[in-house]
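You will see chain A twice below: alongside chain B first, and alongside chain C after that.
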Partner chain A sequence: MKTIEHIPDQGILLFKTCMVTNEYPGIESSSTYAFDRLGVDYFVSDEQSCCTGLGFYFDLFDQLSTTAIAARNFAIAKKKGYPNITAMCSTCYAINKKACSLLNGNEEVRTKINSIFRQAGLDDLVYEQNSLDEVDNFYHVVEIFLSKAKRIGALNTIDLSGVRVAAHHACHYYKIHYDDVIGNPENPQLIDTIARSCGADVVEWYEDRTLTCGAGFSQRHINRETSLKVTHAKLESLKNAGVDLVLHMCPNCQIQYDRYQPVIEKEFGTKYDLVHMHISQFVALALGANPDKVCGFRTHSVPLDDFLNRLK
Partner chain B sequence: MNQSNEQVGVFICHCGGNISDTVDIKSLKQAINTSNTIVFDHEYLCSNLGQNLIKKNIARCSLKKVVIGACTPAKHEKLFKKCVDDAGLNPAMLEVANIREQCSWAHSDDIDAVTQKAISLVRGKVRRVQNAKPLEPIQIPINPSALVIGGGIAGIDAALNLANNGVHTYLVERNATIGGNSAKIGKIFSPEKLEEECAMCSLSPLMNEVGLHPNITLMSCSEVENVSGSAGNFKVRVRKKARYVNDNCMACGRCSNVCPVFVENDFNCGVKDKKAISLSFAQAVPQIYSIDSEKCINLTGGTCSRCQDVCKVGAIDFDQKDEIVELNVGTIIAATGFDEFDASRKPQYGYGLFANVVTQMELARIFGVNGPTEGKLACPSNLSKPQRIVMIQCVGSRDEKPTGNRYCSRYCCMAALKHASLVKKKYPDVEVTICYIDMRAFGLYENYYRAAQDLGVSFVRGRPAEVIEKPDKSLVVKVEDTLTQKVREIPADLVVLSVAMEASTGTRQIAQTLNVTLGEDGFIKEKHSKLKPVDTSRDGIFVCGTAQSPKDITDTIAQSGLAAARTCAFISGGSITLDPEIARVDLSLCDGCGECLKCPFDAISMNDHGNVAINPLVCNGCGYCTVLCDQKAISIAGYTEEQIHAEIEGVLEKGDLLAFLSRNIAYATADNIGSSAATYPANTKIIRVPTTTIVTQSMIEQAFGAGARAVLMVEEPTDDPIGESVYSLALDNFQKLKEELGDPGGRIHFKKAYIPNYRGLASTLTTLSQEEVGE
Partner chain C sequence: MSEKATGTLSGYDTPECETLAEIVKRSLRTSDSIGIDRCIQCGACTASCPAARFTDYNPREIVKRVMENDCSVIGDETIWNCFYCYTCHLRCPRNNSPSQVVQVLRQLSINEGTGLDKIDMLFEYGIIFAEIGVSKLPPLFFEQMETDFDEHWLEFKENLDEVRSELGLGPIGIRDNGRGEIRAILEGTGFFERVGRLEQTATTETDSKQSFRRDGK
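The block that comes next holds the complex of A and B.
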């Protein structure tokens, strides 16, 4: 099991994420800002490709192609000397971890992928068994921040007293690889701990806390009604708990809440006074980053202006 | 060296192909066959036929010494020692070469290399046995008294069985009274009568009998702190904690009446209805009050002596101190019980968040006439009668998430049915729903299950997702009914969680103190689940009740009776034979310097004549004393310097890695490499030592002189009872050796063993056996 003492702050490959780059680029700039401020040794590679998780969960890519692409990304991480692959998105985290576990434990898959690499003249991508460890080399940014929660609290520049904060820990972080969650996987406290260290009034438990955001990848489009019903139920619970700010660790969840909150308000005839941000944006903001230039809050659908004004 | 010309009989086992498929037995036999050896082989030496072959040839060829090439000595060394003993040889005249776990199973090299390794291992043992001297077995009488740890129903029943069989028994209980969890549960279920019976009515007479039995010494408020010695003669250190009330107490209760401090009542699951000076419950045994030292005004530095003022017999003693008592017993029974799974680890069920979510044990207390509501069914939030009760099964049991436990806790289906029946009989208008995964009413309990259905209890097959609280404090249980495949929201006034039984903190602690093995679920592991269900990994120590696995009272009593019977059988053996491989002192060489008294286990002392004496009951043969003795007056029988030098000479070839492995954990870890089909190169030669503290400069010089590539010492981890004391000494010895030898090219290495991490050891062996030799 992973423990907080094992979280590295060196050799971090900050894994680029499609939904961050395309939807909320502020999550990446917030992550690098926060890492710089906290003295984390990281690298962002332009050679890296998407984890293909979206394609995988839309049934467009199979597990073998997904694993082959992961092997390519692993080769880049190792070549650059940044073997601790750290995601801003829970799906990137889970996809990479699973691919690593397959490459290490399934000889057939490893041999097949390596032979494809060799045939294509891509020998430098060949994956050597156990050259990465599915536990020790895969992290989520929230874990890095958790390991530095005290320091973040000490450097915090915003007054969060009286701000009701709730966490939405992403399914693909704590429900897929539940053995590798720091703490109790049925009550993950990573986001809560970071928010609490910054003085926020954290809601301990709310109804449906462990319910999915509702996105469900393709479900958002092919079963729109069910998908929105789930999100509506969660927003109602958060509203009942008097939450002002929901913190996320997955851009897909953030899309579901932030982009669809106005849609739900319209379709369900209701109103929500709550805003959303990613844990990286929250940490960057706490460390004094510019809300627009670094955190990129202008890309959000639910405006944060009133909320940010409240903090001053 | 004292090499005799006596013939050594060498017996090679094929192990049905496990050895002979990867080792060329013919070449092995040829290589070993010399003028002073005779070599035999057999398909299965451990079989009766195989043992007969050994016995027959010892007689026919007048063999004086025997080497067996077979599986790890951990497996059959005892069997083979008995075999040569039967044939009239001293068991010390036998050596086992481990050519399976550490040879045929552990290498992926070609057959020649593996065969070559087998040859060298057998040759090493031949050289070693040529230097062996007969060892007389050490016989010690068994102390005929017993210790039972834990005063729950299991410990009470075991102690009474022992005492009634004439065995003097100490019963040690950590709490102020015996009774344990059984005292709390109020009612017990009975499969025959389909009725619920009063638990205290059965338990209380037994508790009183314990208190009065002439063969039982009851020690409450007491904890076992340390156990030394071995089967037949354990020395036990018990801390008798101050209860601040002496034995004069008449249990009149005046003190409690005047005490101004209310404290949480463990007996009533934490309800604040108890005084700082109190009796745990009315039927407590012994009937002596005790003071909660953390809450008492006087004991926390305040001024109050109300209890002392009203006590007519002078029983209150604020100055009472903890007392250390030493017990000598022959056997021990661990009956340390279970803890309830902490349901707040699953916040989705609201335990600890919502007042009206309780556990079955808390419901049992609500039902108890001596409970917080005096037996009236009531919701904790406002003491109103619940109209709708929902019970959730398998909370923390049958759970693959690391929060819970994978096993079934065995008691909870029946406990839920019992409480559901009680509710329906007393309050027929109350709705009771049980959400279950499978109802497990095994054996005759099926009748009870049917009776509960007839009473109108509802059953929903599904594991609830979440319990939520409405503003009026009523609850809703969200569950998928997997039979109708519909999501349901069941309203409830009271939700009762059937939580798992977990190995108690006390069980985990006592396992460490007693050095008995725990299973992966944290319970004390039995030696054999079918044939030796109450024996532990250590001779003379038995286990019963929920310390061994989750179970109900019926099964607990069956086990505690068996544990008592096994204990009696052990004691009636009269005497016990100890492992002769312990420290021996040659008084003709000893100059009385006293260095060896630094023994970390206190096994060595100076006797009245000023001579060094070794206590065979305490000495575990670790060997640390041998490096302390400049006169070389102390050695470990069976592991003398001559024997180890001889084995090194026999096994070592140029380019080998020589590894000294401590004989318990380290050696077992190496065996695990072979039995888990992991590998390392065949040029690794392992020598078993008591601990690596006995490795000397001359052994390492001999190894390098013979062309060893590197030397590795692997020591027991610090969580092992020997490693705990020896590890740091072994590390010191390693550093000293490194310094003395100058360690040319960094060729002397040290590693801590850890049984699950056999892969780590395999990779160290692989690296070191392939490393370029530096100069």
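The block that comes next holds the complex of A and C.
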């Protein structure tokens, strides 16, 4: 069980994420901006690779290859002295935790992967059992922000009174390793608590709160119609609850909502007055970050200009 | 020593066993404590499932067929409707995980060849990842996104490096000290060998389908 007292603010490896890198780079610059402002000790590595989660859940990557790639990233984190691997994406978080658990608990997998490293002359990547802990060394940025929610609220520069905010807690954060969720995995409150500390009017239970975003990895591509039906159902329930801003914690969900909202409006003949952002972008904005130069909102598909003007 | 399996690369995700339930239990993709034998067919999974809400997919029934060792479930098209959202995994009162069960079934289906058409557009993904250490969507997916999204998105994608640099971010690809680490690791696990084999089967199948059509049968 992880509790809020467990959340570190030192030795954080901010784990880079493919969908942040390629789709919403502003999530990364917002995370580092917020960490700087909050005094979090972190490191971003140009050696760290993707977690392979996209390939894994597309059914292409196998568990051994995914675990071996994770072991390489773990070696980088340890070598640099930043062993608290902290993701901006819920899938990176889940993939890394599972890989660590296998490397610690499955001798055959650990031996196999270490022998691959040695044969390739990559001895410095060899994983030593229990050199990382699957609970104590793996976090999501939302947990770091939650542990500093009061401070964020005190430093908040934007007026969110009357702004209806709803959370979409990403499935791969709270449904896979449900024992390690801070709070009740049937009703996670991490994003809600942070938004509330900034004075937002938080909508707790909208109808489809726990429904997946609809991306479903290959579903978006091989079953596009079903994928969009799910997202449409969720957007409808957010609209019915009068939500203005949806906060995310996973770039894949953010693609599904922000990039596909205009597609759904066209294909389902409807209209949404809803904007989307990642919790890192929200915290950075609250702490006074520039919406374009730090938050990178220009890369979004649903424009945020009107929403941001409302906050002034 | 763990009971989880060994052997060829496929042996880790789909170990050779007598029954489907054993394969599921011994697969590296599933939790060590997976409660497939404990399933009481309560249906909490199906009641919570987004795929069941919008399609014919029924995780309770899929698990039942695995428990009964009904191998036809491997070829059941509905297994490709799961979102991997893990809601069933969270809700199951017996620590079973239909979401993980389906991952193993899909791997079996890919190995058999019946599921190859679901991943054949992805083969390039591994090659790009080995080169730059970052996941990128393969061209076919990109084409769909180009159709779906507006010019604003395309313009952003074309200027990604510039946008990143304005945000104070560095290049996309990773630095690996010239050691080709990602490629070496994936060669070591047998990833490329497996994908190469799958690619070959997929090509042969496409060819035979095409000649089938040409023959007009």
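The rule is short, and it goes like this: the second predicted complex is superposed on the first by the 312 of 312 C-alpha atoms of A that agree within 3 Å, B and C clash if a C-alpha of one lies under 4 Å from a C-alpha of the other, contacts with A are read in each partner's own complex, and residues count from 1 in each chain.
We adopt the following convention: contacts are C-beta pairs under 8 Å (C-beta built on N, C-alpha and C of every residue); 3 or more make two chains touch, one makes a residue touch a chain.
Computed from a predicted model, the values in this text were never measured in an experiment.
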Inset, instruction - Report for A:294: first if it touches chain B alone, second if chain C alone, otherwise both or neither. - result: second
Inset, instruction - Look at A:226 in the shared chain and tell me whether it touches chain B only, chain C only, both, or neither; answer first, second, both or neither. - result: second
Legend entry - Partner chain in contact with A:217 - chain B first, chain C second, else both or neither: second
Legend entry - Of chain C and chain B, partner touching more chain A residues: C
Inset, instruction - Check whether A:159 is in contact with chain B, with chain C, with both or with neither, and answer first, second, both or neither. - result: neither
Inset, instruction - Identify the partner contact of A:185: answer first if only chain B is touched, second if only chain C is, both if each is, neither if none is. - result: both
Inset, instruction - Could you tell me if A:207 is touching chain B, chain C, both of them or neither one (first, second, both, neither)? - result: first
Inset, instruction - Classify the contacts of A:262 with the two partner chains as first (chain B alone), second (chain C alone), both, or neither. - result: second
Legend entry - First, second, both or neither for A:68, with chain B first and chain C second: second
Legend entry - Interface residues of chain A shared between complexes with chain B and chain C: 178, 185-186, 210
Legend entry - Residue ranges of chain B touching chain A (in the complex, touch as defined): 345-348, 353, 401-403, 466, 468
Inset, instruction - State the interface residues of chain A toward chain B in the complex, per the touch definition above. - result: 1, 178-179, 184-187, 204-205, 207-210
Legend entry - chain C to chain A touching residues, read off their complex: 1-2, 4, 6, 9-10, 12-13, 27-29, 32, 50-51, 53-55, 80-87, 89-90, 103, 106-107, 110, 115, 118-119, 121-123, 125-126, 129, 133-136, 140-141, 144-145, 148-150, 152-153, 156, 160, 163-164, 166-172, 174-177, 179, 181-182, 184-189, 191, 194-195
Inset, instruction - Quick one: which bits of chain A touch chain C in the complex? Just the residue numbers, please. - result: 18, 21-22, 25-26, 28-29, 32, 46-50, 52-55, 57-65, 67-69, 72, 102, 105-109, 112-113, 116-117, 119-122, 125, 171-172, 174-176, 178, 185-186, 210-212, 214-219, 221-224, 226, 229-230, 259-260, 262-263, 293-294, 296, 298-299, 301
